[in-house]
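See the structures that follow.
Next come two complexes, and both contain subunit A; in the first it sits with subunit B, in the second with subunit C.
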Partner chain A sequence: MANAFVALFEILSFGAIIVLIVLGLGIIASMMGIFNFAQGEFVLLGAYITYLGHSRGLPVWIGMAVAPFLVGLVGFVLEGLLIRRFYAAPIVAMLGTYALGLIIRETVRGLTGGLYLTVPEPIGGSIDLGTFHISAWRFTIVVITILVMGACHVLLSRTSFGLRVRATLENPALARASGISTPLIYGATFAFGAALAGLAGALIVPVFTLFADLGIRFLIQGFVAVMVGGVGSFIGPVMGAGVIGALSAALPWAITPVLADVFVFVLAIAFIKIRPQGLIAGKRV
Partner chain B sequence: MNANIGGEADAMMAAGEPAERAGLPRKILPIIEGLLLIAASVVPLVLADYLTVFATRVVILALFALSFDLVWGYAGIMSFGQALFFGSAGYGVALLARDLDITSILVVLPIGTLIGLALAILLGGFLLLGRQPSSVIFVALGTLTGAYAADRLGRGWYYLGGQNGIASISPMTFGSYEFAEGPVYYYLALGLLVIVYLFCRFLVRSQFGLALAGLRENEQRIAFFGYKAQHLKAIVFTVGGAIAGLAGSLYAFHEVFVWPDMVGVVVSTQVVLYVLFGGSGTLAGAVVGTAIVEGLSFWLSDNYRNIWPIILGVLLLLVILFRPLGLISFVLGERERVGRFGLTSKEKRNAAS
Partner chain C sequence: MIADRAQLTRRRFLSKFAFAAGAMTTGAGSWVIRPDWANAAEGPIKVGIATDLTGPIAYAGNADANVAKMIIKEINNAGGLLGRPLELYIEDTASNESVAVGNVRKLIQRDKVDMVLGGITSSMRNAIKDPITARGKTLYIYPQLYEGKECTPYVFCTGPTPAQQCDEFIPWLIKNGSKRFALPGANYVWPRTLNAHARTLIESHGGEVVFEEYYPLDQLEFSSTVNRIISNKVDMVFNAVIPPGLGPFVKQLNEAGYLKNGGRLSAVTYDENMLNIHQANEIEGLTSCLDYFSAVAKDDPVSAKIQAAYDKDFPGPFLFAAGSAATGTYRGLKLWEAAVKEAGKTDRESVAAALDHAKIAEGPGGPAEMVPGKRHCKMNMYTAVAKGGKFEIVRRSNQLVDPKEC
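Up next, the complex of A and B:
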């Protein structure tokens, strides 16, 4: 019983982490049609900023609060300088963002000296529920993920900014004709996606420690999750992320971990082949 | 015989017409190919031994890059997992040498090629064929995922050596002769590269290649002409996988070492870099790109090991933004990149007369 509960929490918290990482990836893929290979490096940047704040003697949570904004700013600048040249060709966008990711990753590798660096959890200890103990910080991540997910959904479906974003996605020409500045919207959307990645990086760095390949580790899982969920909607990638995250965490309990990893990918690709539109089809929030 | 002489006379007469001269621009591609071949054949004679070993590696990687160029540059399939075939073949021949003690070149190279071919048929058939044509993105991510999954499998599976891979593979043999690294291995690799290059060149300049060019430029129109676009793609993908398998088995015996990176994302993206740098869809560009990237990396890695990947990223970004056709497009025109198909004007006139 206790074991089952611990396993369940493990699955839940890993699922939440994947959802958090995929949120930004999914928004950029769905709203802009770009598979951003540099997304993993935005996660890394978020983690690095948190580490930097911590090593300067600031409390960890300050770094975590600042990271999304800084990474969002970086995303906005990069979109203006580079990414907007890639909109016409999705494959070129993949390669271009890959190059960008390579630059960021290797820069961080140089800055950290290729070491594994630890950042302490801002909320340490564990929560005791009778006989079970669960990590307080992992629990916090789950809570924050749920809050961020809700906030993103409200932002895209209920606010005028969300309306503009969706209008730009649906019909850029008409959106421009209606007086919406589509380049600005694209820039803001990309920055928003980057900021979410930065937040994810900042939150997970105490769990995974900081190293240069932190982002790439999640990137492919993220892409698969987006495809499973379905490109074009907000909720699709999130659901895909939940499924992939839960499966990745749950399968190692059932079969050997080596095969579990491979099995998840094979299953996911087979699913996408059979149902290319993903879990949730169509363009909606 | 007569017709031939007449044709030459016709061509000589026609040489005066300006339109004809525009139709026959100087061919640069054969010059590049010839220069490359000459340079490659004298390399072991002028270089120190340890540089010959490095040059061998470049030649083998160029063979690998050729496979990716065929798949991406000619069929428009973004194979982000080309290393899957390269590395699996490498692992396959390494296991043959380790467990079954088979190192004869006449067995291991064909088997390596077959491993690449078989995997490419499986993966390509699954990703590319089917009732609905697959999107470019799906194929790109599917191949990437395949390579990543293989990487994880290689890392975790004890039989394959896990994280450390399989080291000290016994050398490839022919009878009692052992191919050690050095000039002999170099010329072996170069010979195979030339053969495969000529084969690819024949393939892309044949009628099949014409259909491929159409596929790359406008897939829908080719489909309307009645070609089975997906089948064409699957065939090219399979050929690419076989070539990658050949390169992988050569590489494994040359490095006497296979490790999980070789099947994974690292090497997959590396080959993309080579081809983008050199220029996709030219074959020669893939070879040039490999030589430039590997050469630069070799030269810079002594003093600038840490910043070299950053420089590589910046250069790649610049090439993508300003030279989408790669470095070779500085000397090679668009017309020659696409190539000429069907009858030349000379032959046409013969047919008419």
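Up next, the complex of A and C:
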């Protein structure tokens, strides 16, 4: 019984981590129609900023609080300088953002000397429940993920900003004619997606240590999650991420980890074959 | 005054021109470090280093290249080898075997080096040994700790083998109270071969292996593993998981209360670089067995001198650490120097014959000598315990430990 509880918590917490990482990716993919291959590196930047703050002697949570804003700013600037030139050509956008990611990744590798570096959790240790223990920080991540997810949903579905974003996605020409500044909306949406990635990076760096390939490690899983969930809505990629994250954490309990790793992708491919539109089809919030 | 400046400019121009010419002839990713003196009669002896200057294990490759620069400079300052200066050629193997083979061919065919030292992972060694020794007809020295069983002619290994790392270490762990072992490892040749060796030792010394499992190299989530370790009442995790999974694995193990309930950690890869991966309290009491720790320098003046010389020349992030193959690189170059001195010439057959029984009296961690006919190296081994984020030496071998290979 205790065992099953621990297993459930671990599966939930890894699912939450993947959801957190995919949130930004999903928003950019669904709301802008761009597959941002640099998203993993935005996660890495968030992690790196947190490390940088910590290594300068600041409390870790300050770095974590600042990271989303800084990464969002980086995203806004990059959108203005580069990404907006790619909207007409999604394939070029993939290559362009991949190149961007490569530059960020190798720069961070240079700055960290290619080492693996630890960052302490602001809330460390474990919560003891009788004979078994669950990680306090992973529990915090689950809570923050739920809050952020809810906030994003409210932002996109209930606010005038969300309405503008959806309008811009649906019919840019009409949105412009109605007085919405679409370039600004695109910039803001991209910055928001980047900021979410930065937040994810900041929160997961105590769990996974800082290393240059941190982002790329989750990028493939992130894209599979978006495919499984379905592009076009906010809720689709989030659900896909939950499924992929939970599967990756759950399968090693049942079969050998080397096979489990492959099996997640086999299942995902089979699912996409049966239901190409993903879990949630069409344009909804 | 004006004449002075003109001369300075011309000299600067010449040196810049030489640098540009060097860059043009060698191409990107190649570095040549020429001695500042020359022997016109015979020309320099060429030393080739092929190591991972870029990619995921660049921290190790750069440390190895630094060690090579330091030693070649020392030898040149002391008058060179056989009266000839040494010229150092460094190529990047980029943690990518196909790139590496191309770059190693450059060393052999274009630069015509007299010896190649390098490669860190076993897959890299396997990729470049044939281009060097068979087609390239050149001597190859492999400096990293590894799983053993490398018996190719003209390949000399100067890092520790499983026998050197485990044969005294594991019985010592069992004697100190560890009975139920878990052997988690990354899914490739080194952990699997190492664990096979460790399992034999554990079982023959009264311990028990209750758990052995392998993971994809980039796995970051270990909850099921940790759960099995806890529920099987393991008291010693003999760890062959590598980064990036290593940090999350140890953290999850701790959060599940493993250390708190008396469980202990050990590994034969932990050097000073690995301490960065964890919070100090997560690996309190971890034991490691290697041919060198910087803590050895406290009691050994020779090691202290080498460590100080390295730290002075290269104060950056690339540490002089055993797990990076930095000590193996030191040993390899010094043994090769001794062999060339004895042979009196630089052709492959004569140097290989001399290197077969070469000895050095001074190296990091103590003296070292090749075991005749085995192409592996005897060396001192040290056991260290992590305390408060630093290693303390708790045990050292009584004599040079035999690699027991080939």
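FYI, the second predicted complex is superposed on the first by the 285 of 285 C-alpha atoms of A that agree within 3 Å, B and C clash if a C-alpha of one lies under 4 Å from a C-alpha of the other, contacts with A are read in each partner's own complex, and residues count from 1 in each chain.
In the analysis below, a residue touches a chain if its C-beta (ideal position, glycine included) is under 8 Å from a C-beta of that chain, and two chains touch if they have at least 3 such contacts.
Values in this document were obtained by computation on a predicted structure and should not be read as measured data.
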Joint occupancy of subunit A by subunit B and subunit C, clash or fit: clash
Which of subunit B and subunit C A:Pro120 touches, first, second, both or neither: second
First (subunit B), second (subunit C), both or neither touched by A:Ala249: second
Touched partner set for A:Pro90, first subunit B, second subunit C, both or neither: first
First (subunit B), second (subunit C), both or neither touched by A:Ile134: second
Partner chain in contact with A:Asp261 - subunit B first, subunit C second, else both or neither: both
First (subunit B), second (subunit C), both or neither touched by A:Val77: neither
Interface residues of subunit A shared between complexes with subunit B and subunit C: 109, 257-258, 261
Residue ranges of subunit A in contact with subunit B within the complex: 35, 82, 85, 90-92, 94-96, 98-100, 102-103, 105-107, 109-110, 216, 220, 223-224, 227, 257-259, 261-262, 265-266, 268-269, 272-273, 276
Partner subunit A, residues of subunit C touching it in the complex: 55-59, 62, 187, 213-216, 218-221, 223-225, 227, 231, 243-244, 246-248, 251-252, 254-257, 273, 276-279, 316-318
Contact footprint of subunit A on subunit B as seen in their complex: 78, 80, 126-127, 130, 132, 134-138, 140-142, 144-146, 148-150, 152-153, 156-157, 265, 269, 272, 276, 306-307, 309-310, 312-314, 316-317, 320-321, 324
Subunit C-touching residues of subunit A, taken from the complex the two chains share: 3, 6-7, 10-11, 14, 109, 112-118, 120, 124-126, 128, 132-136, 138, 207-209, 211-214, 217, 248-249, 252-253, 256-258, 261
